[in-house]
Amino acid sequence: MTLLRVEDVDKSYGDEEVLNGVSFEMDRGDVDVLVGPSGSGKSTMLRCINRLTEVDDGDIWLNETHVTAPDADVNALRQEVGMVFQDFNLFAHLTALENVTLGLKRVLGMDAAEANERAADHLRQVGLAEQSDSYPAELSGGQQQRVGIARALAMEPKLMLFDEPTSALDPELVGEVVSVMRDLAERGTTMLVVSHEMGFVRSAADDVHFLDGGRVVESGPPEQLFQRPEHDRTEEFLAGLQSRAPE
Amino acid sequence: MTLLRVEDVDKSYGDEEVLNGVSFEMDRGDVDVLVGPSGSGKSTMLRCINRLTEVDDGDIWLNETHVTAPDADVNALRQEVGMVFQDFNLFAHLTALENVTLGLKRVLGMDAAEANERAADHLRQVGLAEQSDSYPAELSGGQQQRVGIARALAMEPKLMLFDEPTSALDPELVGEVVSVMRDLAERGTTMLVVSHEMGFVRSAADDVHFLDGGRVVESGPPEQLFQRPEHDRTEEFLAGLQSRAPE
Amino acid sequence: MLQTGDWTFVLNNLDYLLSGAAVTVGLTVTSLLLGLLVGFPAGAIEVYGDGVGKRLVSLAGVVLRGTPIVVIMLVLFFVVSISKSAFVTATVGLGLRSAAYQSQIFRGALQSVDDGQMEAARSIGMSRLGGIRHVVVPQALRRSMPGFQNEFTIVLKDTSIAFAIGLAELLTRGYDLFTQSGRSTAVLEVFLVISAIYFVLTFTTNRGLDWLSEYYAIPSGENT
Amino acid sequence: MGDGGSGNGDGGGGNGSAGTEQAPSITAGTAPGFPPFEMKEGGELVGFDIDLFEAVVSETEYRFDGWSEFEFDSLIPALTNNNIDAIAAGMTINEKRDQTIDFTDPYYSSDQAIVVREDGDFSPGSLSDLADRPVGAQKGTTGEGVVQDELVGDEISENQYNAYDNYVLAIQDLQNGNVDAVVIDVPVAETFAKNRPVEIAFVYETGEKFGFGVRTDDDELTSALNSGLSAVRESGRYEELTQKWFGE
Amino acid sequence: MSTGEPSVADEVRTTVTVDTDRPWALAGLAVFWGWLLIRWTNDFLLPNSLAFPSDRSFVPVAPFASAAESVGAVAASLGLFGAPLDVLAGVLSFFAGAIPSLPPLARGAWLTIVLTVAGIAFGFVLAVPLSVARVYGGRGLRWLSLSYTELLRGTPLLAQLFVLYFGLPLTQIIRTLPGVGVGMVPGTAVWVAIIGFTLNSAAYQAEYIRSALESVDAGQLTAARSIGLSKVDGIRYVVLPQGLRYAIPGWSNELVYLIKYSSLAAFITVRELFFQAESIANDTFRYTELFVLAALFYLALVVSASLLMNVVEERTAIPGLGGKRRA
């Protein structure tokens, strides 16, 4: 059953065409990965899905919701779509727990007790039960990112977006976040991930979309894309990637 | 002919023994390299030689000058010893040319014309004839470091000290600085360099001194140290280094 | 409340007000210069000095920064009585207080210059004093520009407090106008006009100083 | 600052206490805003005190060096600190002041007027009628003395006394309704009554006299001013001036 | 129109602090506040029948005066060597002269504090929307906020007070409000002064808060929006709590400024600290004692405010946010 449908999306900044007729679909429970060189439009694509960025043209549907309709309720939409950022963006003045409860209380209108309970659940799920009273500055990068994931998950979104969730982490911390993500994938969370973490891509991705210059050059399951890419550009890019991360 | 003689130098900060009986010698025209893990005292050793740091015990001689004598003229000494810093420390309010002429005018008392001429020579030597009117903030890291080298060279010191001159540079800029240093080495400049740039060490060093915990564990020509180190500690450290920089 | 008659009255006396504005500007300039002359060394002493000198400077600074300027002026005029002239007294009062602030601006600026700059200066054989003079101070001066600009407008506005010792500056002259018999209805007009003059003064000097600091800025800035 | 009366800037002028020079110069201080004694007209300092003092000085050996303007209550410290050499500001001779400075012979006598709004809502006949009413006066004046001594604490609270730097502002605030009465010297009150919607409710007799203020150690100047004052009275100039400033 | 934004300088100015390791300074402050509180309680709260007379000082003058006299006599007899004693005699006679004026100064200090606290608090209420409008508002709002701050910061506070008190019919309105000037509620002029300080301080506070808001990472608001918070809620729950912490150093400066500039209220008949000092000085001609005393009072208030703000800063500090002043 199709959850997300991206249809022919265009987006320019000034003269620069950042997205150029991008289309793809995801079913509920899918884990899709966007890969592509820097500046190819991956982040922009994610941001269009929760309308942090507005598309110029084309349509995005989430279930029955017409995301790109001018009158769409963006705040409601964003509850359906969780987002995890490259540099975490935890609320610096709130503890781990409060980071998670803020949305529950202020957006979903839960009372404190209920919100705390649900937040604690989600922190436990990402392995941070112990750290719930720590402030972001007191957490390692990997721990911060896991709080970021818990914060997004707690809203119980239909779709989770991850924008290079591990690329700001020291190499030794990448593992913890990847394992949390793999976990989520196994439990059926629908995820759209920008990542070049080959370990994750190979073990968890259903489909990989290769973007270049704002276009989807090629899509398919990871084995297919990695072993018999149709385009030279894809092969070249993926070859670079795989040599970089030899594990 | 011995230019620099370091004899049994000790230095502590509080309880921490940073240098512990360090001794070595350099002849005129030698290029010696200090390597060692972080905190092993490499920077401290360099700074003792131009008295930016005072030794606790032991002696340093530069030619006939007793560097560590309490009544030594430090300003005169520092003219004899040029220093290039890890993070460049260019005078931020002066152009490249002025960075070089400041010492010529204010320390050596040259007149403007003479100072400009000599400074221009040295900037040319490091390949920056074009940039002499640029301010540090307008230069790339590699260019800044080359100005730093020119600034030190222009004082025509007997000995040049380099403290990790390339480690604050983006990888693609390291090459320019290394090639300038190699050049200097070939022209007979006496240099004492803290660096883990294997390319430079192998091609230019006469002797390598391996420091660990404030002691010289082992000294010798690079081939000897790299291929048949006497100590396990040396072998282990150098093995790590070489795998890191495969070029 | 705003009456044409009053406007005419104020505009007829515009030259009277403007000559007050000249006093205001003069007082601002002399005070700032005195502030610079005293404040700069004081800031340097707070950074590089030690012992009694440093303690005295910082104590004087606390007293000057912790006391209202009107009290400072009255003490100078009526207690210490440094001069017969209200202008000189106001200059000294505003100047010393400004010195106390300027010293902090310079202190902050001096301390914000990276230690590596001094080390680099020493490493080419410069003396400590030489390093301060040729390397640290020139950079600190540029960095203190925004603070100095702020101080400029504060002094400019606080010259109005010389009103308390009877100096015929802009505000006093405005006061003179509407305290003439039969003119008290012109209060609002008078104050609108002198406020406008103050505003023009602060605004244009600020833009001027902006321009100046851009002109002298080190290309690409130091704001790394 | 070259304009008119405000001669603060001319620095180094005469230092009155020097005394030994021939024809030393003197600076006088006043506090404009006290019509008709001293006020500003078109930027010029004018008034009875101004004319009279200049006339008196011209009868002495002293050279007159111009006026300095102050708030009224700053005049005495300005005098004792040598900022000025004499005060001509409708200053009442009283004991307290006389302990700090010296006065010349009186040159005018006055009482205090209680001024109210013309609308007639409130027309007190004696000080006790002012009970619990906001009352104004100028800082440091005899009027303030009356308010402080006779009213504050008994008839009105401290907060009901509004002190102003200047009579004009007191009268303005009376018109604005922030105070119900202002205590002020009679001749001044008469001037205001003429050109403002205020009137004199009653006069409180203090029998006070105005004198020029001089430093206590400046006896030479005191006696010079005293003889100058008699000369001005004798020459008929004094009459002219009262006619000019208080006459119809 | 662009403002000069002197954020570095503003932070530099937070400089009237005492080292907490100087116990005598703290002890002095403790005595000062203890005395003030007792004085206020006595003068304002206790019924007249119980209270010590409000115009009499707690400390008698006589011992100081006689001590001064005798020490002075001894000093004189010692000639040149008496100099230190002479100083002591001077100090004693200073106290003798100062003591009678302490009660009115305590009352003035009360008003000074009322003016300052009210000015900063109401100013803050205005400053927050002003700064938010400046950073997040549309063109019109931004321009409005900018004009307001430029105008208020570009003209002298004293002129502003004169306009409000003498130039506008504000007093007529305030006067008719119920309760004004009754009992402990301050009178008309005080309210006008409070309005003036509020309007003026709002402009300065808005600048501090603006630069603090701008220093909050943009990612914070993005993250807030991405969990479904509206822009206003994002500002309210995420940006402001962080920005206001960054604003504390600048805000401490403003508090110190306001304490000092509250003295200008004297020019519109408010009987605050400076007014009391000046009026006693005019009455008694003891200018030295009164102005030095006034200066000491202000210093004590200013230093106390700085200490208080340090505590506030420590209390509101969050790891990685605020706390230590940013260098």
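To keep things simple, chains are lettered A, B, C, D and E as they appear, and every chain counts its residues starting from 1.
Note that in this section a residue touches a chain if its C-beta (ideal position, glycine included) is under 8 Å from a C-beta of that chain, and two chains touch if they have at least 3 such contacts.
A quick map from chain label to UniProt name: A, B = Amino acid ABC transporter ATP-binding protein; C, E = Amino acid ABC transporter permease.
From a predicted model like this one, the values you see are computed outputs, not experimental measurements.
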Graph distance between chain A and chain C, where chains that touch are linked
2
Labels of chains that are neighbours to chain A and to chain E:
none
Any chain in contact with chain A as well as chain D:
E
Count the C-beta pairs in contact for every pair of chains, then give the pair with the highest total.
C-E
Centroid distance [mean C-alpha coordinates] between chain D and chain C, Å
35
Distance between chain centroids, defined by C-alpha means - chain C, chain E (Å)
21
Quick check: how many Å separate the C-alpha centres of chain A and chain B?
47
So which stretches of chain A touch two or more other chains?
none
Which residue numbers or ranges of chain E touch two or more of the other chains?
166, 169, 267, 278, 287
Residues of chain D that touch two or more other chains: which are they?
77, 169, 172
Every chain pair meeting the contact rule
A-E, B-C, C-D, C-E, D-E
Could you pull out which chain C residues touch chain E in their complex?
1, 61-63, 65-72, 74-75, 78-79, 101, 104-105, 107-109, 112, 143-144, 146-151, 153, 157-158, 160-161, 163-164, 171, 174-175, 178, 187-188, 191-192, 194-195, 198-199, 202-203, 206, 209-210
So in the complex, the part of chain E that touches chain A is made up of which residues?
217, 219-220, 222-230, 233, 237-238, 241-242, 245, 318-321
In the complex, the residues of chain C that touch chain D are 13, 16, 19, 22-23, 77-78, 81, 83-88, 164-168, 172-173, 175-182, 184, 187
Contact residues on chain D for chain C in the complex?
1-3, 6, 8-11, 13, 15, 27, 32-33, 35, 39-43, 68-71, 74, 77-78, 81-84, 166, 168-169, 171-172, 191-192, 195-196
Using the touch definition up top, name the residues of chain C that touch chain B in the complex.
114, 116-117, 119-127, 130, 134-135, 138-139, 142, 218-222, 224
